[in-house]
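Across the two complexes that follow, chain A remains constant while its partner is chain B and subsequently chain C.
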Partner chain A sequence: MKWPFLFYILCLINLAACDRQVLPDNDVQNAAIKFAIAQSPLNLDPRYATDASSERICRLIYQSLVDFDASMRPIPQLATWNAVSAQAYQFNLILSRNVFHHHEPLTADDVKATYDSLVGLKDSPHASEFANIHHIAVQNQDTLTFYLKQPDAHFAEKLIIGILPKRLIEAGHDFSRQPVGNGALAFEHWQNQLRLKRVADGQEVVFHEVKDSTVRVLKLIKGEVDLIQGDLPPELVKYLQSQPDIKVLSTTGSNFSYLGLNVQHPVLSRLKVRQALAHAIDREALIRQVMVPDTRVAGAILPPEHYAGNADLRAYTYNPRMARQLLIEAGIQLPLKLVYKTSTDAQRVRFATILQAQMRPAGIDLQINSLDWGTFFSDIKHGNFELYGLTWVGIKTPEIYEKAFGSEYFTPRGVNRGRYRDATLDAFLLEKDWRSVTLRIHQQLPYIPLWYEGQFVAFNRHIKNYAPKSDGNWDDLATISHDAH
Partner chain B sequence: MKNFSYAILGVWLIAVLAGHVMHLDPNAIDLNVVLHGPSALHWLGADDLGRDLLARILSGVQVSFMVAMVVTAVTMVVGVFVGLLAGFYGGRVDQILMQITDIFLAFPGILLAIAFAAVLGPGLDNLIFALCLTGWVSYARLTRGQTMSLRNRQHVLAAQSLGATVPRLLLLHILPLIASLLVVEATYSLASVMIAEASLSFLGLGIQAPHASWGAMLRDAVRYMLVAPHYVLIVGACMMSLILAINLCGDYLRDSLDVRTEKQI
Partner chain C sequence: MILLYRLTRFISVIFGVLLLTFLLIHLVPGDPIEVMLGESASTVDRAELRRDLGLDKPLIYQFGHYLNQLAHGDLGRSIHTKESITSLIAARYPATVKLAFVSLLIALIVGVPLGVYAALRANRWQDFIVTIISVRFAAMPVFWLGPVLMLFFAVWLGWLPVSGMDNHGAIVLPAITLGLGLSAILTRMTRTSLLEVLNDDYIRTARAKGLSARTVVLRHALRAAILPIITIVGLQMGSLLAGTVITETIFSWDGIGRLLVESIEKRDYPVTQACVLVVALSYVIVNLATDILYQLADPRMRSY
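And then the complex of A and B:
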């Protein structure tokens, strides 16, 4: 009798150990905030950062000359500016913000050194954006002027690269692993986990990489981490919403998901076929059943609240009968066979399978070809596709319309991957008549718009001052705190 | 246990046939029942796209059986052919063939299959090809050893002296004596090919959507373990029961063909 009894006692002790981690109030207030992310940042040098985690953390460590307001209009962050001429922009630094984490002042020389070094980097993915800079002239400690080779009305909006200290650039400092900026959070340590410290009050934030979504959720529920954001299937978001100790906040997003088309394909070059595809997708049902909260139907790359957005675009309704009729009118012999390329991501394959089922009644036989990311993206970049599904992430400026649909922006010069050519659209783009541009694209369908995915964050109830943002950034880590009560 | 394993195997074989008769649609999507548990309409519940789990499991087992049968048949033919040649001729032929076999044996089979599947791309044809490329070595090793021990037997030497050709010697005088061992090996191979197919599909290198495969179903089910545990449990239990039954049947087959087992009894 004695041994089974001891065994039960040990089991109870183990079960108790499996409970949530509960800390005393003082410890809660002083503890580091643990943020579970699906993918660790790859490079914290803002001149090289391209992955989502790196870009979001760079926004916290560094500050740039320019940022964006809620309607995505450029606003000063480190500097105000004015166009001296069509090819010259003068920037005046805002003095109150200009100190790096290693206590050296941020001056116009640092700005010049940052952009000079960026233009000179052959392996930076951002360097080509600034190839139009002729030279940068520093007038004084707080004033500098960018001189351009060609006029560019959107030049100021591009200056979103974090500013680095000139002395460290010249010393060849490794910003990718030991970043030094002047943002709200300062780099502290990076070995397995990235640790940052808030400059204002010393609050630490630790980033834990947890790749598996189920494990991320379990860690949050158990209290091993304090918050998670995005990268979860909608079912797990609903599951978190039902947990008493977890708070889930969501907001509308601005990342645009779409179907890309090869408009030089003999069938897809016909407008009626593209319209048929647009009418063969039941976006409402997809959003309702298999998308995260606050996902909404999209009409254009930039959302309606953007200053270049168009709220009057009407979504294509799901009407398989009309789609079938359009295909017949286009002279297509049914079923129309098309290959849809996507990545091997489970949620992407899930969408593809639903699209395949929704298009079948319209007489479209969609063949799914799910490829590893490298092969998939290489195929897309080289125009080796009929149909594909992708998402534009973090797009801020209407210049994207020119790059994605302009006749002179076929890959590799731009991102017009479907090789769409339209003289009318080119004229609208030249006039920067965004309303006409979005309407024309909506009518001609070089892309088939799907949705803007909602953004959400889930955190333990003792966390406060954090909310999701439309582009999924983590800017509120600058204000997040524990609530001891 | 013996009858139990035969019963499980029998049930699965009937299920494969029933799948054809019942005309279930494993790809019919109903977004209103996504991840719903077992009900009168969906006996085993629905998956992450609202597809009937029973229909998909039956469709998946057909694919698994088909892949296992084709791969086992191909690898057996290739492996036995290589083993017979190496064991019968010996010398340089044996050295060359066995060194090739050793190269394949040096890598873990599943890892090699993953590499081949990754290079060839996903899809059923490539999956079968990748598994065939790595599966023949065990047959080759087994056949070679047995052939070496049989080639100097009296009946083989007698047939040779009477003028029997090499193919005749191999097919009529050696192969029948090792057939029972090969059959037992094939049952183990069936189970291991099913696991390999599931593993490759689990990694996204196997059968492509929307076709059902147990490995792909398990991969999807794991994502919803917290919200729909029935999904992963049902697929896991089906896979475990079938593979366990095949392995147990292989054990009983081996015992029944082993003369020493009878003597001990």
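And then the complex of A and C:
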């Protein structure tokens, strides 16, 4: 029986030889920066991109007419603009930025071709946003005007779709797998991993899809990847903070987590029940125990630093006794049984179980229904729920209040998933009085705000010029570099 | 005649799988149109896209259209990415096959010798230790074993990559993760099956003839004990070829298991159906191979 042991020893020697690679310092500077992400982009055509990875990478490959500043006010990216009338917006391209990665100039014709093609796409999730465009007129190479069917004060803020070359649109180019834009990073290759190259200095960035959070952390520690951002449970963030070769940076975020309510449900239609639910959640404890650093209690969808935010909203305090009292006053026989729907994501399920425990002293018996994403989201969209938990990601404009709570915006017209109707709120929305809007929502609780999740990034110490952003974008890949020292 | 019988059975199994998959995926809640267009798309746009994709037609028509496509060797295109499903599967399936074979190899190399060893030392301390080890391996979930192996072999020892597919050594850890669990089952099965045979009269006769212990075990006993082992190997190979979603996910192994799960999440009907078809075909082929191996191992089976 000696040969098996010899065989095993040979195997171990083989294994030991498999993966030993140490790069010298000068090679470190030239090496590609490896970014481990939880989900590969699904579609790099900005007319189709909806998932977070695709949108974040599209921001790097393409440029749009408009972007947003720190307080989420629209600012020029490729063009300045002015409202010619309530139904016409003129855009003037900023010449210095206008060259595509394949060296053709970006002109007003490309802008028109991009939006014309988008409006004509039947299967684009963004097409309906631009259904209000009547036509686009090009005045000259740098100037064009969008004419609208109906007045829209927020129209300019919607023009965040990356601009594509007209010639390639007409040729039926596959932008989803071979994007061509004029952003800071140019597309190189996408087989198993997506590889981009920075236009300014040729620095390569490679995106590795690593779905499992523990594995992402192990790959970072071993140096197989250079950085990871977000999508980690707090215990792994703490573990990374304790690693000498890893640097963790965090900042406050703007992605808003909330508890959705079906206000057409006979019990949840009562304000006192909704208030009881708000008082039955200990947000501070949840943030402390199961959330990542820099997570903060939320009062409304848009954070206080947003121009339409409201810093004066005070979160409902955890008070199970008061919650129980409110339920009794509402005529509810305790315990109140409610079904909470969530996805199968481990962090979401963990949050649901904590919520269940927190609500019990208030007399609420929360039953958790964990469903696969397709089924869960389908139920939410069709109003087939009592309670659910979700997060709004990347919301920039206050129009969200109208779409999420306006009486006219039940799905599919908007995203008023809870079927909330409130004439007073509708009046405030019409006046675009955001302060009154947020206050009214805070009082009436068509949903229960939870928190804005903190944003963090962890990278090897030789990485510099990268910092997390409040909406979790990856814009700093345009400046990131290796530090050989 | 046997060939005709097998062919009929093969076609009916594949047809049954196709029909069931088609019905089940259309029964579960969720709609590809909603996934594609989001919540805010107008009813008109939804209806138009549904019509373009042929999803407004009766199910029986859609199924007939799908069978017709298949008969022409066309698996269709992904609803979401528009990619050819044939190329999607061609890109993913070889990775699954590779992982399945290496895992099975590890399981056989570890499991069968350990099983033989345990049987030869039955009810002694060596047997006890092998039993404990194999039960432990069988009980270890891959989502735990995988990261532990990564931590040990990749992070601490630095011998292997943590995950991915871009290094030749990358297959070792996922294959060990899958192979160890399977090897434990093979160890138990080999031990039990060999113990039954070792007490038979013809083994006693072989020993009495003065044959060496090695010859008795390897040429006589193991050959007779191999049938249940072939059954287990066949069944396990079928499951491995169906894709091992958790292992593929943990090790970022782009196999068919992940493709299948992703397509179900996105309600990408054609991709789901194609993946299930490939998996069903794999099972049928592995079963056929198992039958042939039976006949090679035991001449009495050739009459069946």
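As a convention for this text, the second predicted complex is superposed on the first by the 463 of 485 C-alpha atoms of A that agree within 3 Å, B and C clash if a C-alpha of one lies under 4 Å from a C-alpha of the other, contacts with A are read in each partner's own complex, and residues count from 1 in each chain.
What we mean here is this: a residue touches a chain if its C-beta (ideal position, glycine included) is under 8 Å from a C-beta of that chain, and two chains touch if they have at least 3 such contacts.
The structure presented is a predicted model; accordingly, all values stated were derived computationally and were not measured.
K.L.:
First (chain B), second (chain C), both or neither: which does A:Thr80 touch?
P.N.:
In the superposition, A:Thr80 contacts neither chain B nor chain C.
K.L.:
Counting residues of chain A in contact, which comes out ahead: chain B or chain C?
P.N.:
The partner making contact with more of chain A's residues is C.
K.L.:
First (chain B), second (chain C), both or neither: which does A:Thr251 touch?
P.N.:
Neither: A:Thr251 stays clear of chain B and chain C.
K.L.:
Contacts for A:Ser117 in the overlay, against chain B (first) and chain C (second): which applies, first, second, both or neither?
P.N.:
neither
K.L.:
Touching A:Leu218 in the superposition: chain B (first), chain C (second), both, neither?
P.N.:
A:Leu218: touches chain B and chain C.
K.L.:
Please indicate which partner A:Ile354 is in contact with in the superposed arrangement: first for chain B, second for chain C, both, or neither.
P.N.:
So A:Ile354 only meets chain B here.
K.L.:
Which partner chains sit in contact with A:Glu235 here, chain B, chain C, both or neither? Use first/second/both/neither.
P.N.:
first
K.L.:
Could you look at A:Gln243 and tell me whether it touches chain B, chain C, both or neither (first, second, both, neither)?
P.N.:
neither
K.L.:
Quick one: classify A:Gln141 as touching chain B (first), chain C (second), both or neither.
P.N.:
After superposition on chain A, A:Gln141 lies in contact with neither partner.
K.L.:
Does the superposition put A:Glu209 against chain B (first), chain C (second), both, or neither?
P.N.:
Only chain C; A:Glu209 stays clear of chain B.
K.L.:
Overlap of the chain B and chain C footprints on chain A, residue-wise?
P.N.:
214, 218, 372.
K.L.:
What residues of chain C sit close enough to touch chain A in their complex?
P.N.:
Contact set of chain C toward chain A: 28-31, 34-43, 45-46, 48-49, 52, 80-83, 109, 113, 117, 147, 150-151, 153-155, 157-169, 172, 249-252, 254, 264-267.
K.L.:
Can you list the residues on chain A that touch chain B in the complex?
P.N.:
Checking each residue of chain A against chain B gives 213-214, 217-218, 233, 235-236, 238-239, 285-286, 288-290, 344, 346, 349-350, 352-354, 356-357, 368-372.
K.L.:
Could you pull out which chain B residues touch chain A in their complex?
P.N.:
For chain B paired with chain A, touching residues are 27-29, 31-32, 34-35, 48-50, 118, 121-122, 204, 208-210, 219-220, 222-228.
K.L.:
Which positions of chain A touch chain C when the two form their complex?
P.N.:
My answer: residues 1, 4, 7, 15-16, 18-20, 42-43, 50, 122-125, 127-129, 131, 176-177, 192-193, 208-212, 214-215, 218-219, 221-222, 224, 372-375, 377-379, 381, 403, 411-415, 417.
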